[in-house]
Amino acid sequence: MPKRKIVVVITARPSYSRVKTVLSAIQNHSDLELQLVVAASALLDRYGSAVNYIEKDGFTIAAKVFNVLEGENLTAAAKTTGIGILELSTVFDNLKPDIVVTVADRFETMATAIAASYMNIPLAHIQGGEVTGNIDEKVRHAITKLADYHFVASENAKERVIKLGEDPEMVFNTGCPSIDLADEVLLSKTLHFDPYEKYGGVGAKPNLSEGYLVVMQHPVTTEYQDSRKHIEATLEAIHKLNKPTLWFWPNVDAGADGTSTGIRAFREQHQLPNVHFFKNMEGKDFLQLLQHSDCLIGNSSVGIRECAFLGVPVVNIGSRQNRRDRGGNSIDVDYCQDRIEEAILDSVERGKSISSSIYGDGNAGTQIAELLNELPLQFHKTITY
Amino acid sequence: MPKRKIVVVITARPSYSRVKTVLSAIQNHSDLELQLVVAASALLDRYGSAVNYIEKDGFTIAAKVFNVLEGENLTAAAKTTGIGILELSTVFDNLKPDIVVTVADRFETMATAIAASYMNIPLAHIQGGEVTGNIDEKVRHAITKLADYHFVASENAKERVIKLGEDPEMVFNTGCPSIDLADEVLLSKTLHFDPYEKYGGVGAKPNLSEGYLVVMQHPVTTEYQDSRKHIEATLEAIHKLNKPTLWFWPNVDAGADGTSTGIRAFREQHQLPNVHFFKNMEGKDFLQLLQHSDCLIGNSSVGIRECAFLGVPVVNIGSRQNRRDRGGNSIDVDYCQDRIEEAILDSVERGKSISSSIYGDGNAGTQIAELLNELPLQFHKTITY
Amino acid sequence: MPKRKIVVVITARPSYSRVKTVLSAIQNHSDLELQLVVAASALLDRYGSAVNYIEKDGFTIAAKVFNVLEGENLTAAAKTTGIGILELSTVFDNLKPDIVVTVADRFETMATAIAASYMNIPLAHIQGGEVTGNIDEKVRHAITKLADYHFVASENAKERVIKLGEDPEMVFNTGCPSIDLADEVLLSKTLHFDPYEKYGGVGAKPNLSEGYLVVMQHPVTTEYQDSRKHIEATLEAIHKLNKPTLWFWPNVDAGADGTSTGIRAFREQHQLPNVHFFKNMEGKDFLQLLQHSDCLIGNSSVGIRECAFLGVPVVNIGSRQNRRDRGGNSIDVDYCQDRIEEAILDSVERGKSISSSIYGDGNAGTQIAELLNELPLQFHKTITY
Amino acid sequence: MPKRKIVVVITARPSYSRVKTVLSAIQNHSDLELQLVVAASALLDRYGSAVNYIEKDGFTIAAKVFNVLEGENLTAAAKTTGIGILELSTVFDNLKPDIVVTVADRFETMATAIAASYMNIPLAHIQGGEVTGNIDEKVRHAITKLADYHFVASENAKERVIKLGEDPEMVFNTGCPSIDLADEVLLSKTLHFDPYEKYGGVGAKPNLSEGYLVVMQHPVTTEYQDSRKHIEATLEAIHKLNKPTLWFWPNVDAGADGTSTGIRAFREQHQLPNVHFFKNMEGKDFLQLLQHSDCLIGNSSVGIRECAFLGVPVVNIGSRQNRRDRGGNSIDVDYCQDRIEEAILDSVERGKSISSSIYGDGNAGTQIAELLNELPLQFHKTITY
């Protein structure tokens, strides 16, 4: 019997980190053939060139698709998705996969979902059913309605996908594959690399031996005109606290320039003698960095997910992770300098929580690969009510 | 106060017929400005050039967008949608509407939904919440998850949209606007035009004075490889019955060529002395034709919807209207010549049913226009559970 | 040393026939690797699905690209080219060819030329330098200005390309590869196949044993609004002469529908008891059919080129082949029924001419393959004056 | 008689500056209607948002088209052109212009040329016939072969376009419209604005009263992998000379990031106490800045063209302006720090040259508008030999 051909489309650095163990598990599965497609910001320098890590990690790339339209606005996001559909259709038509896998809820992942579902290729969706209260949510639930198989990350997500009218037999709580990676660093006792040396970046090089903060804050698409103001609250708080801090640039989204511009302007006008800026970092190194940090600040889902598993304290800012399930490790605050400062201080003092398995217990990758091998190939469905 | 600018995107002839009263009501509303965009198969000869009727009906077209990619396969459908997003984004960026309206569930309507929702333009969806069990259903419910306002056509549809997690305050059972048109012909006593003279077409010109059949059968996307076989069952049945029959060509879909090719080949090989073929017909004329017919055969939603209101007997073939709410006027049959023949004979004998208002009572257009004027402009939502 | 990778992009059935010996010669060359890309109308049923012949002939296809936008107008031609560039860029980026080959002057071949030249991939152009006085000419000479190597089909063409400011060392008169195929049928004594049986088609099946006419007439892009009128002159002439005739449908171009519609309408209204219609035919069979015909009628370049080599009489209608070099086998007429009739009768009476090598002597394929292997890889040039 | 509708497509800041007087002349012409389309980098912040100046200058924009695909490579340039064709076709289809005007030779101007010429809209090309020896030259001459009217900037250019086989009656040496603007500042005695205050920018604010240098260096597409090394030679030279310097960021091209990254990295590692960086400047202000500068350094065509007219000394670096006609104001050097330094010192010492009218004498705009009004509308041409 020929191997099932599984296309996975990676469109951004964080998505790659998230599903890396799924890719490995598919590649290592004797009955599956991985057809990896790399597209959108995953190919671009500005967003950390995930493609370089993918190649370094030994994955073969079946096709690359440049489809990010430039523009400091939401029109560009829509057009990026349109170009994505146009080109991914051709890629799928040439690769002839048995199943296509799409990841999470970035705007451009819709391109994968539409190309596959319109072409009657069974579509698997990783990480549906979550709630965040922003544009990602429109995208995420719309993809659920296009997908044939659902690999969700928590029991709440599972329930929600079923409520959306999906066949319960096609909804699987595999946990989040990002937890698989976190599992590998859970027992790490010290930082095994020098982040400045390995990843370059710009700014000060604070001493990390007495603890440090990590910041990762992305623009929120529905609030993109405020993204500069939002990042400034965080910048002011970090500036004031003046603790050793490692700051990661935001990924691509309409308004990326609000956030990025805010950071650049702040740096021109202020001394930040304790802050270093990184463009990006390999997933496992990043998790180790978190594991040994005092606190993660920002609005990344890493705080809600991996950090819950690792027990790392998190100050979660603003609406981006609204209504996602929380472990006991995080404090939610608004875009307010004082509240951010206070929450950071509290978090650092409180220290590590116990590990939560709310988003899985570390074997999502192999579970998903096995399901991709076993599930009946189907692309025809109807709502359950 | 400036008028609210309302973009409506029309992508196919049947959609135009369906929402014509909405367009008129928007155009006649003192606080609204209609920005009509005509795209996809609505611009093409092969599918009846809806654009000509639109212009003849006196609507001003703000922009035309050719985006149908040619190809006898599903890849073309996906790519048509991708091009649609790319170009409609530009159109919306230039027109700057306050609300965008998308209609029903054809694959390419997704382009309108994505462009608008990604650009943070409030999106209204007409005819969500219905169930049919085919690819249209994936599209329809995915659009529901992208849309901000829902103008549905029946109580069941309303309940379903709410179950999908939409805010009940944004879901309105306005009835289907196509019923508004049907309402205008309900009392018509005779056919007011000569269809051969007014619409040309090819084939025989049977005498219609003693009753006639109407056939309209579209390919079903999830079964497109069988579309030729499917149409042949109907062709054989009609050929055998040899009653005066008016047959309408299918609209564009992957597989249109299976259906069309089947019809063409059948015509080459058989005499059809009682069958005339039309490309298309203005909505109101078509409704009048149905009103005075003995029976509609095929899988058009007109059978389920307008014919229920008119009480015209319908033989509904195959899966395309699966699970849509039925009035008492229709018989469901499979793609089977014998069953089709039998059902036609039964229907003709039974004659007209009483009018059903299951899909509305004739004022959907004005209701929708008024809602478009009054609803708060919003594009931010979250699932209700 | 790794083999040079040579991408050839085939976008239409006639282009495939034209360069088939080039493809074989590249494939058989020990230092070259053929990467065949099939796109545009070469993939479509309506235009004869060249792709099926390509596969049957044993070529491996590296990528397929559907990019024909549907529409009965010139806008669609422009958009088809735009989509072609967008997608071929991705294909080239993934295939990483050393040289890209583009063929002739159809509007969409510009997509190949732009993608390659903008990506700094050396571009070879087959059949530049000819003169026809229509939109093809704009395209053809513009491609010459983008191309790095020129494989032209006649001495006049060579001179013209050099006058256009190209480096004479990069301009090669290889002859037209279509002549390579003609060379193989030159000595054929009888028709080796039954065209009705092998190629189906529709219409009458005239007896071919006493001689027959062949018709192939394409719409002319700059005159597309008249294409229906133009085809009607030919239809009337053929109808009147009532000789055994084999008629080939036109290929894709803006206005294809004018020509096609004209043919369809004529068939509905007239008996054509001596005319059979084919969609398409394999190149070698078509040449054999011409070799044994009394006369070719229409505006195909086959008349000017292969028929000159074969000595088959040709009635060349209208402006499409204006100013192309002629052998002694053809008569030029306008779109005028009487003149067409008269010219056909004269041609049939005159019979075969002697073979002309104005377009080559039958080894263009191997010459081109050898040049592709030997030429220095370069994409940087400047005008010579 | 209705006014002739003239579409002009502006795709970049420098093109806008170049043809501004043409736009004004069309707008002010009683028989012409200007339909201004703004696209590509002219809409983007990163490249100086020409659109803002266009609006500030009082021009009405008929349509905006975002079509720049992001990517640090040549694939993105090709794809940008493809998207441009796709979308401009729709724009032209909706605007229905009588003539389309395309400017110069940037890669994406090809999109305008293809859309118009394929749609049988007469195409006018401003600034054909020049020679530079890079990819722009392929583009420029290919556009000449697509265009119907040629408005060239010098006698040499006129001769070259005619040699390319264009009808001499359609080739007009109007001079370059950029000279029209230069003409307006020729007599300016002092700088009428404070560039720091009016245009912001970053870096030092050197005193300009004792003279200053201006730098504008773009990446060269055929050498884009070296663009970082190339810019570093200039950076080192300017750093060493340490004179008051105003530096302009490069515009969009494949490799923009090589140049930009080079500048950013140099700034991180070196003090530049006499250098200020601007993103962009209104055309007239920029010309005034040049008029009062000691020397322009880089590879902008402004040095060859406007500075020749103004008599401002220029150090022209590298191959970008190769073979363009020179006035007596410039010195050509390679990418070599020492030669650049030396040439700057020589230029400053030598001082102003006399004004050269090699690129026109200041009335190109009105000449072009008048020709657009008078020329016969035609889109059909054939090569003259």
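Think of it as A, B, C and D in the order they're written, each chain with its own count starting at 1.
Here is the rule we use: a residue touches a chain if its C-beta (ideal position, glycine included) is under 8 Å from a C-beta of that chain, and two chains touch if they have at least 3 such contacts.
Keep in mind it's a predicted model, so treat the numbers as computed, not measured.
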Taking mean CA positions as centres, which chain lies farthest from subunit B?
D
Pick the pair from A-B, C-D or B-C whose contact list overlaps the A-D contact list by over half.
B-C
I'd like to verify one number: the distance from the centre of subunit A to the centre of subunit B, where each centre is the average of its C-alpha atoms, in whole angstrom.
40
Express in whole angstrom the distance between the two chain centres, defined as the mean CA positions of subunit A and subunit C.
51
Going by the touch rule set out above, which residues of subunit A reach two or more other chains?
66, 75, 79, 83, 86-87, 89-90, 93
Touch list for subunit C against partner subunit B, complex
43-46, 66-73, 75-76, 79, 83, 202, 257, 268
Touch list for subunit A against partner subunit B, complex:
74-75, 77-79, 81-87, 89-90, 92-93, 107, 110-111, 114-115, 117-120, 131-135, 137-138, 141-146, 160, 163-165, 221-222, 322-323, 379-383, 385
Touch list for subunit A against partner subunit C, complex
63-66, 83, 86-87, 89-91, 93-94
